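Got some structures for you, see below.
Both complexes shown next keep subunit A, but they swap its partner, so subunit B is in the first and subunit C is in the second.
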Partner chain A sequence: MTGVIVSAFPAIELSIALPLVALLTAILIGGKLAPRLILAVGPLMMALTGIVAWQVAEGDPTRVELGGWEAPLGIALFADGLSSSFLLLTAIIMSAVGIVAMAGFDARDGETSRSYSFWALFYGMWAALNGVFLGADFFNLYVAIELLTITAVGMVALGGTRAAIRYLLFALAGSLAYLTGVVLLYAEAGTLDMSLLAANEGDASVRLVAGGLMTAGLLAKTALFPLHAWLPPAHGGAPAPASAMLSALVVKASFFIIVRLWFDVMPEAAGPVLVQLIGILGGTAILYGSLLALRQARLKMIIAYSTVAQLGYLFLIFPLSGGIAGEMPWAAGAWSGGMFHALAHGLAKAAAFLAAGLIIEALGHDRIDDMKGIARAMPVTVFAFGIAAISLMGLPPSGGFMAKYLMLTAALAGGHVVIALVMMAGGLLAAAYLFRPVNRAFSGSDIPEVAYVAYWRQWVPLILALLAMLLGVVSAGPYEFIQIGRAVTAEVGIE
Partner chain B sequence: MNAAMPILLLLCPLIPALVIFFLREENDRLRTVINLGSALVKLLLIAWTLEGVARGVEFEYRLEFVPGLYLLLRVDALSLLFITLSSFLWLITTIYAIAYFRGSENLSRFFGFFNLCVFATTGIALSGSLITFFLFYELLTLSTWPLVVHKGDDKSIAAGRTYLIYTMAGSAALLLGIVWLEGMTGPIEFAGEPELDELSRLSLTVIFALCIGGLGVKGAMFPFHGWLPQAMAAPAPVSALLHAVAVVKAGAFGIVRFIYDVYGIDRVAELSLGLPLAIVASFTIIYGSLRALQQTDIKRRLAFSTVSQVSYIALGASLAGPFATIGGLVHLVHQGLMKITLFFAAGALAERRGITSIDQMEGAGRHMPLTMLAFSIGALGMIGIPPVAGFVTKWYLGVGSLQGGYTWVLIVLAGSSLLNAAYFLPLLYRAWFMEPAARPAGEAPGEGPAGLILPAVVTALASLAVGLFAGFALSPLGWATLIVEEQYTP
Partner chain C sequence: MNAALLLDAGLCLLILTAAVLAMTGRDLFGAIAFFIVYGILIALAWVRLEAVDVALAEAAIGAGLTGVLLIGAWSLLRRAGVSEAHELSHWGLRLVAGLASAATTVVLAAAVLALPPGREGLAPLVTERLADHGVSNPVTGVLLDFRAYDTLMESIVLLVALVAVWALTPASAWGGVPGMRQHARPDGVLAMFGRLLPPIGLVMAVYLVWAGSSQPGGAFQAGTVLAAVWLLVVMAGIYDEPPISSGLLRTALVAGPAVFLAIGIAGLGAGALLAYPDEYAYGLILLIEFTLTFSIGATLALLVAGRARRAA
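For the complex of A and B:
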């Protein structure tokens, strides 16, 4: 009985509507109450996305047509294993960020434009993210990703306008390319609905061009090398809670659309050139981002460049799947490894940025050279950063390791020795650049004087980091869950 | 119960680790109770398991990571050998560490990570598949680092950095080897017979080199031993942990596992990979001894001695043939007992009388007779004088090398014993027979608290006992013989 009620519950619609309601409420009430909104919205969103996941697990992929209008006329929302994993990830990370930001963006000393606009942008971003993960046609995705870009640029502007403008330029150029691609696709197929597009093959060469344009636009928003130049100043300069959302979730949204486009909608259209090109860019991003991260003097800049590097891994799934349409036995492992990487990186990166934010609150700066002994003053925070670092380096036991293991196995099984070596090098470089701040934090023997940071806030990044670790231990459930609704099922695993 | 036992064995050190992290610094008594209590409980569990394994009970626990890939914990004779050693020494080292650190700071952090190390070591011993082994192996790397840099001074920080550079590079090589192998064959479990025939000889050779090389870093095999002497900057209980309980042993244990249970002795022989490994191990044995001879600092001399001694284990595994194999395996235990005795004693000398270098040893035997007695037993055992444990090892290795037709190994063994004598006997001579340098009376304290002295005495007696009673079935030698019989009689 309860089962029927739960499966009929409009959780998918509500998971977009609730953040929008919260956005309006935050604008209306403002002041002291707006920050506390997260205490209600956070648990509600976790419950809602939990129900979506339950519905997906029970009844395969779930599709709803808003207002009963069917595609191609109406707006359709679609949830499968992958999208509900990202919904859940978003709910967890946004709740964590919101709780930490409650003390940073409050109106204790009078309302500021900073504290006022943060919460509006925050809920707008949440709605946009869920819109991307649930969108079932490419025009709705365009709308969602534009809303996402606007809120993200606004967040960056809280830290500094120069970085925000640079981000805006990249993002607008990306939007233009994406929209052109969408138009081409519509002219060819007469629809933008994903399932309708997937059902007929259409003209492969037109689709390749359209897909290429859309991908190029999305790559600019994901900041894949060489379109990454905006990311480090934007993510390194924004307030730490904002950086956490930007690095952990926002860049993943455009990546998510790329995966949908090539793996689900038109797997046969991707030519070997495109696959190789994306793979090479991904590999270069890993090495380039890591090397630059090594040279940074500030903690947040290290984490930002680490994002440039880590995003590279995601795109290695293109060559590793052995050509997207290829039926290689290890293709499933590569794809799943990539998705694990996206999820684990989201949790770990959010934890790292939140921890860095707390260190900044305590010390007033994030210069690594002046962080001596911070591990003794803030053990929980440094511990959280350390655990997040383990996942980012791809060391066991962590979701990052499981991702790396799956992708490495696919690489060596498919004969991609170069990719395997790049991934190994990326892991060692990550160890090197993340080790520097930890090493500094442990050195010395006295306890430095720092500003007070509430103990319970230090636990938030630790919980996120532990979740990233947990993903690598109880990975069987998530692994099977993200396969739900996949065209090419991955039941054979890596055997 | 049979699936729960490996989990219980893992929880014994894990729970105290998690609890102790959050204990207040001044909560000394509770921390001590948790530390010792869990170590004792673990020994009881091991006794239970030993009895079960002897009766033929299978202890196994599986958790699926992704389809086909398991976290597999399994108790077999080899894992019991390692886990018994490490748990016994864990208890002793904890007692020693509590006495050693009395009144110093950051102890909750120290004992938290200390227990985490033991957790990782237990996991390594219980691993039933390559992926599980790697998981705990890396966890060991990470949880040891905070212990190495515990003091926080420049020397420890530098030692920690060196340690991580070596071990991370080693792990990367190991991971590459594992993934390459499993990419071709699917996940590998130690109990099964991996189907390696699909791989070419070249691939198999390269994978072997990657894995053994990677494991050799923790096993301090030449040329990857550089981190070990530098890590002497850490406090004495950490040295004991590095040299006897966990790290170096994990490397050696990994090499044994890989040769026996992944490739199998026959395949290693067929690919003629044993001889190169034997040569590297022999070279390390001689090289480590020569370097030890050059050191004037006691702890550094002991560190190079470890470099030399641990390679006996790899040597035994690489020579093939039952006797050499037994010699190598039993040395896993023997070296642990003897070396930890030496480190405990050296730590006590440094703490109580400030003796760190060899020319300060004059008359130490008179002031600290029990400590020096333990030290002497350990040193004589290292040289290979019967009836101390080291003799048993060398005997079996020697017989094994003759059986396998490797006469030159005898020369290595003899040379190494001579060198051991050359760097240990002068120490003993100074301590027992030379007059102490004149010092104002009442300046130097005598033999310290029981917690600092008794652990060394206990392990010294243990290394005597395992040599004297080597003939018993439950002695390390008897157990190693059992393991090797399983290997050679399928």
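For the complex of A and C:
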């Protein structure tokens, strides 16, 4: 009986509506209420996205038609294993960030510019992320990603306007390219609904141009090399809780649309050139981002450049899917590895940025050279950073290991030796750039004087880092789950 | 036939000229002026394409409001003493950018020309289904019924854009009044217009929403008119901007999206998010349109006013 009620519960719709309600409340009332909303919204969103995951696990991928209008007239929302994994990831990370930010963006002495704007942008971002992960219509995704961009730029502006303007210009150019592609796609197919587009092959060359423009726009928003120049100053300069959301979730949203576009909707239009090009950019991003991360003097800049590098792995699923790799012991090994990487990187990166933020609160800066012995002053925080680093490096038994292991075996099985070498080099470089701050944190023998940071806040990044670890330990369940509704191309490749 | 072709060709030529002049003008103010001209010409092009709703939106928002925002930014820059002189970027970079733009244009043009002619998209389906339900202007039907979710999210985008502007407010000015204090001679032209035009603007805004259910018009166009009315009142020095901490102001901003969202969630009872029960569809759509117009007007006006600068 309860099963029937839960399966009919409109959890998909409410996981977009609830953050919108919170957004409007934060804008209307603001003040001391806005920072406290997370205490109610966090658990509710966990429950809602948990129900969505349950519905997907029990039945098939779930599709709801908004306004009662069927596509192509109306807009649908769609949840499969992949989208509900991202929904859950978003709920976990946003709740964690919200808890940590309650103290940093509080309104104890009355509403401030920072406290008011942060919380409104925060809930706007949450709604936009869920809108992207549930979107099934490419114009609707444009609206969702615009909302995401504006909230993200606003968050970066809380740290500095220069980086925010740079980000805005990249992101708006990306929007324009994406929208142009969407217009062309609509002119060609007469619909923008994913399932209708997928059902009809259409004119492959027009679709390649449309999809190419959309992809170029989305790559600018995901900051894939060489469109990454905005990311390090934006993610490195934003307040740490904002950086955690930007690096862990926001850049994944545009990546998510790229995966939907090519793997689910129009694989037949892609062609080998696009697949190889994306793969080459991904590989270059890994090496370039890692090398620059080695040269940074500030902790947050290391983590930001690490994002540039780690995003590169995601795009390796394009050349790695299919081919002989399709015959692997794990079906769709490369695709699943890429999605695992997105999830594990999300958790680990959010943990790393939140930990860095707490270190900044304690020390007043994040210069690695002046961080000597901080591990003795803030053991929980540094431990959290260390665990997150293990997952980012791809060491067992973390989720990051699982992801890179799946991708690496797919690369070797498919005979992609260069890609395999790049991935291994990326792992070694990650170990090198992440070891530097950890080493510094443990050096010396005295306990440095630091400002007080509440103990319970230090536990939040640790929980996220442990979840990234858990993803590797109990990988079978999540692995099975993201396969629900997986596109055939994930197994046989795009070409 | 020939006269129409001549008109279209002339319009295209003017659009291209205005675009080139807006980009190549050395003087920032001149570039803005040509940008506004460009917007008006594009609006005319939409009229020629028989998309009057889009033409109205383009003229109101693309040319009008964006023009006001740009002039506002220009005058702030000038007041801050920012020099307009700038160095050109490296010629190699400009060459690459030029080639990339040219290549994109060629590929895009080839793709557009490859499309088979005579496609109507979803227009026939929209017309067919519109008859069963609510409003009779197909554009309003798409915006507030078939694709209401997009419109709800767009109204949220506008609101959040205002919050992003407010995020730039320095701590000391938070809760204060946006923009500069305006002074106008009490017997001057501005003051006269400030008293004469607002009633006309209000009637026009109400008409645009009301007409929007059966003819071109709607919340975004009418909201822009409302914003213009408010800007005029402020510029004429009749009223000052409200402080951004004002509860009344925040209610005005949130009302439209909130009513829209509440009706949308209530739709879950009728079977789907944003579903309207048949017998109430027309009334609900009209209610959403009117509150949305009010909120869009308030949001646009405050976007032009910018962040808070003075104590309340």
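As a working rule, the second predicted complex is superposed on the first by the 478 of 495 C-alpha atoms of A that agree within 3 Å, B and C clash if a C-alpha of one lies under 4 Å from a C-alpha of the other, contacts with A are read in each partner's own complex, and residues count from 1 in each chain.
In the analysis below, contacts are C-beta pairs under 8 Å (C-beta built on N, C-alpha and C of every residue); 3 or more make two chains touch, one makes a residue touch a chain.
The shown structure was predicted, so the numbers you read here are calculated from the model rather than taken from an experiment.
Once the two structures are superposed, subunit B and subunit C can be ranked by residues of subunit A touched, with C on top. When both complexes are overlaid on chain A, the residue A:Ile390 reaches subunit B alone and has no touch with subunit C.
By the touch criterion stated above, A:Pro226 is placed in contact with neither subunit B nor subunit C.
Applying the stated contact rule after C-alpha superposition, one finds that A:Gly131 touches subunit C and leaves subunit B untouched.
Using the contact criterion defined above for the overlaid structures, shared-chain residue A:Thr409 touches subunit B, although it does not reach subunit C. Residue contacts after overlaying the shared chain place A:Glu65 against subunit C, while subunit B stays out of touching range. No residue of subunit A lies at the contact with subunit B in one complex and also at the contact with subunit C in the other. Touching subunit B in their complex are the following residues of subunit A: 330, 333, 336, 373, 376, 379, 390, 395-397, 401-402, 405-406, 408-413, 420, 424, 427-428, 431, 435, 439, 442-445, 472-476, 479-480, 491-495.
Listing the residues of subunit C that touch subunit A in their complex gives 104, 107-108, 110-112, 114-115, 119, 121-122, 125-126, 129, 145-150, 152-154, 156-157, 159-161, 163-164, 166-171, 173-175, 245, 247, 250-251, 253-254, 257-258, 261, 264-265, 267-268, 270-276. Those residues of subunit A lying in contact with subunit C across their complex are 10, 13, 17, 20-21, 23-24, 27-30, 64-69, 72-75, 111-114, 116-118, 120-121, 124, 127, 131, 139-140, 143-144, 146-147, 150-151, 153-154, 157-158, 161, 180, 184, 186-188, 190-191, 203, 205-206, 209-210, 213. Of all residues in subunit B, those touching subunit A in their complex are 63-69, 71, 105-106, 109, 131, 134-135, 138-139, 142, 146, 149, 151-154, 157, 160-161, 164, 168-169, 171-172, 175-176, 179-180, 182-184, 186-187.
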